[in-house]
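Structures given as structure tokens follow.
Below, chain A partners chain B and then partners chain C, in two separate complexes.
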Partner chain A sequence: MNKDYIMSLAEKDVRIDGRKFDEYREVSIETGVSMNAEGSARCKIGDTEVIVGIKMAIGTPYPDAADEGSIVVGAELLPMSNPDFESGPPGKQAIELARIIDRGVRESKAIDFKKLCIKEGEKCWMVFIDIYSINDDGNLIDAAGLATLTALNGAKFHKLDKDDNINYKEYGDKKVELELMPITCTFGKVNGKIIIDPNNDEESALDARLSIATFNGKVYAMQKGLDRGFTLEEIEYMIDVAIAKEKELKTLIKEQK
Partner chain B sequence: MIDKRPDGRKFEEMRKIEGKVGIVKRADGSAMFKIGDTVAIAAVHGPRVLHPRFLQDPQKGVLRCNYDMATFSVSDRKKPGPSRRSTEISLVTEKSLLPVLDLSMYPSSVIDVFIEITQANAGTRCAGIVAASMALAHAGIPMKDLVSAISVGKVGGRVVVDLDKEEEDLESFGGPTDIPIAYTPKNGEFTLLQLDGNITKEEFIEALKLGRESCKQIQKEQERALKEVYKEKGK
Partner chain C sequence: MNEETNLLIKPREVVVPGQVLAKGMDNLPSDGTYREGEEIISNKLGLVNVDGRVIKVISLTGAYVPKEDDIVIGKVVEIGFSGWFVDVGSANDANLSLRDVEDYVERGADLTKYFDFDEILIAKVVKVTRFKSIDITMKAQGLRKIKGGKIIEITPSKVPRVIGKQGSMISMIKEHTNCEITVGQNGRVWIQGSNVEDEILATKAIMKIESSSHVNGLTEIIETLLKEGTKK
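Moving on to the complex of A and B:
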């Protein structure tokens, strides 16, 4: 019923919460939300809330990248955040979310993995990025993206003792430096109309979804979701809007204290 | 015996507490409880139909609690997903809340309580119970009382209330004794009681008496936080 209603509204160029088609809900970002994490952030988009925490561990570099560290991204779609989410190991939606965020950081080279190397071929930093949905009112992807960038931006490294074990009591001077900050904007198609930042009601009526990560006007990552497709004109329009929104959203990203 | 606690608190003094209700909009009831640096959030979904069906009870509803710690809530990253520890805590949380609930109105249904620890500095199961109790009340589930909870015990040879992480790790004077309790002030019953350590009967009784007083204070904060939501709604 909700779905039919949202589709009929779209025909009249109206959204269920009265927003314009290219209008985000209110976005806010907070840092330092969990003191035992090396970096942490909470992002709210309307009623959607996501928290992200960064933990670092010591690992062994991959043989094909002996002078690089790496990242591990996990997403927990908490059953508290949406009555439709079930307890248990991450399902397809959680894994897709984690992979979108992973590629947004890894493939865009937002972090220089070489700076995570401790001793070539032997020891490196593994950066764990864990995403938790607290309240899902739609568009977890963009909230997770913004929270991830903020949690990483200036995340601290602990000191190492003489055997290269982590000393959890003290931080050193080393911090995560973001080389670039690709901002993800997610669009949906309802009844042939393109909307940005779909809320939970709108998500139930989407035919297709596209997430685009851009930085300084260039495109760094994309993910098409759901059952239908987009035309070239639609995709071009979405890239233009994403680039415009990137300018606004990046001003919200803070540095870890 | 120690003459001062590591963070300077009095022996019977708990850390600063704060409750907030209505923090997860998509849940039927929700709350946050903070004690010192420990932060627990809880959300209630239900009563709703229980699947699979063989778990249903045609006489009354089922309470299902799920306690989980965020990977980054502790110094050494915790692996995501359930563990033997979290499963046991989920169970004792259920048992601590059940005595105040009358579930006969909800046959074949389940009330799901999800607890997430987002920041940990000891006392997480008690903080979870306090938050869960507020979330159940916020969800409109009939309750005979609000369950409040705190850990008491012995540190450095002294009976204390609300051990923090540093105290839990203090090995001097016979090592720490940790006694998480939940208490229902109206009928004066303890609904959670666990103990790890070594303590005399007299010290144990003294600890419970101190814990009882702290629980009464915690209940006041629970009531204040619950009333706050309806005050905001009234505007």
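Moving on to the complex of A and C:
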């Protein structure tokens, strides 16, 4: 509804809520939100709120990676979190969100899949990462990314009995160790201007979107969204900002109790 | 029994559906309440309002329920042969028929010339049927198409608080921020000022009213917020 307004503001170098172009809303992260999950976290960016829970199950390794476990990411965009979300099978946006988070963790090798192996070729841990949007005021990607890393960081494994079956009553000493923490920063382009952390109103006016996952100044994953493109200078600028923001956001990630 | 002892609640208390608010026949049930025998019972989650003998419950949140003569802000979502369909934030879209616009519309004319998709209108509800189909009109003073400015959404039940007694609250915001503001009964508020800072201040004030509408002395809180905001 405020699309034209946001476009005209971009010309004057201001944003609808008065933020600077490279300014995040207030970010906060909470751990241990779900009692039954092996690891869980709630991330708030302004009014956006996302909960991520980790569950572990035992599966068979893929034939081409017999000594590796795997992750499964699912995103559920709850109808209560945005009037545009419907119940039913996941839509385009939910699938994209799950895939961005999957890539952020998998391709950056944030978790060493070899450590998830129980018995080569027979049994391995499958780590289920479930993302729920509690309230969507834009930029679910970054909120889900931060919540996922926090939920994974130190998530406990259940004990195994002698036949390598899960004992759901007890936790063992084994924990998930994050090899690195790639932090996702999402940018949008409105009327030729680059903004970070778009809110719900701004998302409706975006021409293009780019999510960049960085860790210690290196780029690990990227996802480009929407129809229009970016120039090379714009992408270089966004990478620089993402690296600067990564340092701030990294301090917010805690370990599971 | 006198009136005082019949009330089981304090005014401005939060009540839940099914809660008995008063006993005896001295009080009258109004919006959000019903009578069952000797008791007046709430059927909403909200704040109790006691005005003389009349008891009503103002819900804390909820979608817009249209009433006749409400001024609403809506968006054109569909165009048919005989008029426009306008989203007013209610369960059903509102009907704006050809004879309810200011200009005379020729038969077979291109309706997008009058109101196009996604355009924002200030309109008035003329009729709400039993089945909640809504008819709106553009034929009255102050009703028009909106160009520019921003729209924010608040809970429709908080609209009276934003407007204040005889419009005291809203005129205070207008005075401090020099913004043009129109509050629709459906909870949409249109704000247009000469610069962005003013618009953001007005937005902040309105959001503050929405989030603390149950607080006593809200006018003073908003006034200090506005004064601090204009100083900077």
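What we mean here is this: the second predicted complex is superposed on the first by the 256 of 257 C-alpha atoms of A that agree within 3 Å, B and C clash if a C-alpha of one lies under 4 Å from a C-alpha of the other, contacts with A are read in each partner's own complex, and residues count from 1 in each chain.
FYI, contacts are C-beta pairs under 8 Å (C-beta built on N, C-alpha and C of every residue); 3 or more make two chains touch, one makes a residue touch a chain.
As the structure is a prediction and not an experimental result, all values here were calculated from the model.
J.: When the two structures are superposed on chain A, do chain B and chain C clash or fit side by side?
T.: Aligned on chain A, chain C clashes with chain B.
J.: According to the stated criteria, A:57 is in contact with first (chain B), second (chain C), both, or neither; which is it?
T.: Once the two structures are laid over each other on A, A:57 reaches chain B alone.
J.: Touch test for A:182: chain B only (first), chain C only (second), both, or neither?
T.: After superposing on A, A:182 lies clear of both chain B and chain C.
J.: Under the stated touch criterion, name the partner, chain B or chain C, that contacts more residues in chain A.
T.: Greater contact footprint in residues on chain A: B.
J.: For A:138, is the partner it touches chain B (first), chain C (second), both, or none of the two (neither)?
T.: In the superposed model, A:138 contacts neither chain B nor chain C.
J.: In the superposed arrangement, which partner chain does A:80 touch: chain B (first), chain C (second), both, or neither?
T.: first
J.: Answer with first, second, both or neither: which of chain B and chain C does A:8 touch in the superposed model?
T.: In the superposition, A:8 contacts chain C only.
J.: In the overlay, answer first, second, both or neither for which of chain B and chain C A:33 touches.
T.: In the superposed model, A:33 contacts chain B only, not chain C.
J.: Using the touch rule from the top, collect the residues of chain B that touch chain A in their complex.
T.: Those in contact with chain A are residues 23-27, 30, 37, 39, 41-43, 45, 48, 66, 68, 70-77, 80-81, 112, 114, 116, 118-121.
J.: Contact residues on chain C for chain A in the complex?
T.: 75, 118, 120, 148-151, 196-197, 200, 203
J.: How about chain A: which of its residues touch chain B in the complex?
T.: Chain A residues touching chain B: 33-38, 40, 47, 49, 51, 53-55, 57, 74, 76, 78-83, 87, 89, 128, 130, 132, 134-137, 168, 200.
J.: Would you pull the chain A residues touching chain C in the complex into a rising list?
T.: It is residues 1-5, 8-9, 12, 14, 16-18 of chain A that touch chain C.
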